[in-house]
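Letters A, B, C and D mark the chains in the order given here, with residues in each chain numbered from 1 onward.
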Amino acid sequence: MKAVVIGSTGYGGIELIRLLQGHPNAEIGAMVSSSSAGKPLGEVYPHAAHLTFTLEEMDVDGIAEVGDVIFFATPPGVSGKWAPTFLERGKIVIDLSGDFRLGNPDTYQQWYQREPAPVEWMERAVYGLSEWYGEQVAQATLIANPGCYPTATLLAVLPLLKEGLIQTSPLVVDAKSGVSGAGRGLSESKLYCEVNENLYPYKIGVHQHTPELERFAEAESGEPVKILFTPHLIPMNRGILTNVYAQAKPGVTGHDVADCYRSYYENTPFVRLKPEGEWPQTKHVRGSNYCDLGWHVDERTGTVTAVAVIDNLMKGAAGQAVQNLNIRMGWPETAGLEGLPLYP
Amino acid sequence: MKAVVIGSTGYGGIELIRLLQGHPNAEIGAMVSSSSAGKPLGEVYPHAAHLTFTLEEMDVDGIAEVGDVIFFATPPGVSGKWAPTFLERGKIVIDLSGDFRLGNPDTYQQWYQREPAPVEWMERAVYGLSEWYGEQVAQATLIANPGCYPTATLLAVLPLLKEGLIQTSPLVVDAKSGVSGAGRGLSESKLYCEVNENLYPYKIGVHQHTPELERFAEAESGEPVKILFTPHLIPMNRGILTNVYAQAKPGVTGHDVADCYRSYYENTPFVRLKPEGEWPQTKHVRGSNYCDLGWHVDERTGTVTAVAVIDNLMKGAAGQAVQNLNIRMGWPETAGLEGLPLYP
Amino acid sequence: MKAVVIGSTGYGGIELIRLLQGHPNAEIGAMVSSSSAGKPLGEVYPHAAHLTFTLEEMDVDGIAEVGDVIFFATPPGVSGKWAPTFLERGKIVIDLSGDFRLGNPDTYQQWYQREPAPVEWMERAVYGLSEWYGEQVAQATLIANPGCYPTATLLAVLPLLKEGLIQTSPLVVDAKSGVSGAGRGLSESKLYCEVNENLYPYKIGVHQHTPELERFAEAESGEPVKILFTPHLIPMNRGILTNVYAQAKPGVTGHDVADCYRSYYENTPFVRLKPEGEWPQTKHVRGSNYCDLGWHVDERTGTVTAVAVIDNLMKGAAGQAVQNLNIRMGWPETAGLEGLPLYP
Amino acid sequence: MKAVVIGSTGYGGIELIRLLQGHPNAEIGAMVSSSSAGKPLGEVYPHAAHLTFTLEEMDVDGIAEVGDVIFFATPPGVSGKWAPTFLERGKIVIDLSGDFRLGNPDTYQQWYQREPAPVEWMERAVYGLSEWYGEQVAQATLIANPGCYPTATLLAVLPLLKEGLIQTSPLVVDAKSGVSGAGRGLSESKLYCEVNENLYPYKIGVHQHTPELERFAEAESGEPVKILFTPHLIPMNRGILTNVYAQAKPGVTGHDVADCYRSYYENTPFVRLKPEGEWPQTKHVRGSNYCDLGWHVDERTGTVTAVAVIDNLMKGAAGQAVQNLNIRMGWPETAGLEGLPLYP
């Protein structure tokens, strides 16, 4: 089984390469990078200098020949344009970008402010939130790997919505991400001196992960859901922590919430539930595919707080992409993903 | 005018010393530290080794003799016990701890889990949120300096509550603090290796700043207010960012919110309002007494988000304490506090 | 093959557990921690909460029954006392502490300021610098795993000393380490607020790794060698960078140095040589067992600078310990150590 | 007294603005920034948004009209071109760049790889290492403010060289700097994710501060001196720590070195000597103009290690520039520089 990574030199791409390199069933067929084509991988990423790959141009025929599965770890707009070609040649495509997640071209255009992918493929894409849509993933040819924020947030909120434990409105999501989520592109706001000892929200109410959250929140709750989503930049490399704040339905207790989570996640390999009164920490999942979940039901205010952490490059990107590949191929779901978090 | 700092070797204490050292009207009469009495200041804080102070025991007579104003930068329980003695001798007391903030011994006992200060002094204390209670501060003998989280949060939310622009319930506060807020005491959770590349919430719904928030939210809104307050630890030394999430009253627009803030803060020296569509960053106030305020009114969800940042050791502790001293003494409110933030 | 880790709750211990957990040939028989015996591992290290181990007392019989190889990841003095018992029962012991590295009880007593291990075992211990003493390691029962600083420094300097390319005196080593090298024990100097945005040297000329460096520098050069060793604390979790400054022997060029390194390390799996004019970065080896080596021969001053980086918990501790286990057991040297560095 | 800052939007420039803003004798006449001319300062630096300056074009006549002293906080090549114009109009120029430090156009061309400033001005410039050349600074019209690395290094080594306590060769300088030393310009190597948890040397033996070090080392020792200078990038914003390694002259003891330093620095306001057996930490001077000095005389190896720390933007740039202005104007040397370091 040969995998091709398109967008190898972003942080998501190089994380995919790390995982594929250690995978028992897959191997890397080619690394594509339009910005660094022709360079040895080690020139762009010296930490991987012992691998002898050369970064390649985006050459559809070449890629189709060497690859059985094609990963897109690219900025918006790239997979929307190129994925159909590979799909038509019978390849499996796992897309880490947002191009196929929304199911609806209009919503895409509104929130991403760019031309959507072909509607027929947008509709056929399976949303790869592994714990929720694993059965469809197992049959999919085009897997839309979830966004980093939605992965953490949806894992936390979907059980509560589906079981009707919380009001669907107002739903407030306050999320915090390490800087690698913003990629390796140059901008003043990502300079070390600007980020270090700093903290701030951005894109309040207008972040493109909002409709992705609402789409699946509505699907599972069966009601219209509007979410105010506020992301923050945190001075660390990896990690997302997301808090969902909702009003409890009358009579709902901490016990109910705990039971609800247990019924959904007790047998999943990557979602770990925190004991009562403890909350997740991003460092506890760093470098791994785990999602740690905690919660608080506040009787004074009637508020349910659900807290989830993931490594944004792992369960939030490359890790879940490999998990989806495993599911799709019928391999053990944890293949290549068994490593403990790197601590400290 | 001589000041005595009790609790000189905590982070709040040493920040007070930095400010008093550069103050045009005040000077330091004595530095008290029960844990390090007898040591030169420079042994505990080598960055201040050129100051030739020796840390002193808690000696009431000695302190009363040398000091006109007594600052308590101490853990809970200390000022509650000792402040009355100094007050009875006619000293001004500015207390940076929570002992006199709640106005109500029962509430104190419930949230702080310890013996409250004498009720008569608790009731006479003036809450030193300078921009809101400056007139009372100007007359006060006992000033209860606000907590770090409440300073930022109340500055953001009080105008909206007072003018009735938001629903009083549910009110969700998601706040993030640098590590210095947890003090210099030893604990595994504050070790560099544990904090670095980490992020997590703590004390959800049970933090002792909750009743402080509710007290003044109720006072200004004239209604009962219940707040779910969730603090987080962030891998940085200084800085607090707090988000208040509330439902807008019908018809309230971004314009209304902007006007409201302007009417309260346009002429205050330390609250700076962000332009529309920009939000505050903690680094923009680091080392200074500023509070930067931004907001977002989200029409899709009807949510108002108010965002405030402060330096927790400055406007959230020592800076506001000096601001209150200035107000109390009739000095320019900004005396000793004019410095620009240290950037980057 | 069952391994027992003594000292499981230090940073070196938990890294060993991470590696053993992913090792194809070994498995963990027991985790010993005198400070946390009886607790589940997940209580001390929530990132590993899905492992169901309970930390155990130091029980010699129990350990001897379950373990084929015993790792000591303990403070000085522990293995010196307990390792002989296990050795006498025919166990393989890999000691990550300094108790058996110096070969000489007097030197140990002088630099470690404590009672040395039994001299007969000190003399029989094999120094586990894998690339240099792999043949002896393959036969050893007691392996003294090198210190973190000496691993990086000796890999950089031994080829130059052995081939006589540099003067043996003066030899200056300026080394920098992340904070995890100082362990998880509580001290004010390791608090986040004290370390962050800080940098300083410590123990100049008196660090206990000095005699370890000199012992093997002398062994390979065949001459007496005195080294001034200066370690520094760096605000990061993992990583060591060490610079060796030496005077070049007359006529020695950059070419000679490059050839020398190539002849020693070209076929080793974990030492990677940097291209001319590039130097190693700690982040390029983080989380991996690699040692990246670079150098500079300065004609103006006649100085050779050799630069090495490792992850102090990997090649500088747990990684090399597993590498030594692999060598000792005749397994592939890289078993369980193939992972790419975690980047970024 | 009006000051103009050319290059206001670099990190050195904005630090100058912070200092001038709080200076009792000087005020800011204009802020010049060719890259951001026309923008309000607060748009480029929101932390200073309450200052109402607009950034201006490089307009010689306008600047000459408004300014008595002109600070250049610009990249190499700018002051070399423009400073003479202002000097000829009778202005005082304080240049924070390297254009006038070397006294010799050939050396400049060799190490900076660019066109030197006019030789007559290069020769007339006074090197502004305040503690050493204050008398000349007091008379100067063109002050070449020292580089950040040379400031720390020369303060540490000049007394030892001048008093003949150390051999002049080999002289090894291993220096470490926070990232702000590299400025605010965009480059991948300065991105947060690349710097955080990283550490590496750069420009070994070829850094442009080498000839600056050698020039004044030779001047004070009276002998030719060749220095191997190795700078490192450290994951922190501010701070330089520099180690000078030299061989002690026969018979030189720790006492001699201590006496030597005391005789030079006992009465200087900004150089603080560490007690025996303690070494400086960058955090102890952060945000201040102090230089903390420590040392170690190692009898085993005959090596003297001198350790100095400064804040690279303060004593290493803007702070020393203001100190030089104070000296030049006959103001108290510490005017505007009395602030304690910002700790923690």
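Just so we're on the same page, a residue touches a chain if its C-beta (ideal position, glycine included) is under 8 Å from a C-beta of that chain, and two chains touch if they have at least 3 such contacts.
Since we're looking at a predicted model, the values are computed, not measured.
> Which chain is most remote from chain B in terms of Cα centres?
Comparing chain centres, C lies farthest from chain B.
> With respect to inter-chain C-beta contacts, which pair, B-C or C-D, contains the greater number?
C-D
> Taking each chain's centre as the mean of its CA atoms, how far is chain C from chain D in angstrom?
Between these chains, centre-to-centre, one finds 38 Å.
> Where the CA atoms of chain B average out and where those of chain D average out, how many Å apart are those spots?
36
> Report the inter-chain centroid distance for chain B and chain C in whole angstrom, where each centroid is the mean of the CA atoms.
The answer is 46 Å.
> Could you tell me which residues belong to chain D and also touch two or more other chains?
Within chain D, residues 11, 180, 193-194, 196-197, 235-238, 281, 283, 286, 344 contact more than one other chain.
> If we count contacts the way the header does, which residues on chain A are in touch with chain C in the complex?
By the definition above, chain A touches chain C via 11, 14, 17-18, 21-22, 45-51, 180, 196-197, 237-238, 272, 274, 278, 281, 283-288, 290, 292, 338-344.
> Which part of chain A faces chain D closely enough to touch in the complex?
Interface residues on chain A, with respect to chain D: 11, 179-180, 184, 186-188, 190-197, 235-237.
> So in the complex, which bits of chain C are touching chain D?
Residues 169-172, 174, 176, 178, 193-194, 196-202, 204-205, 226-228, 230, 232, 234-239, 241, 243, 245, 247, 279-283, 286, 296, 298, 300-303, 305, 307, 309, 344.
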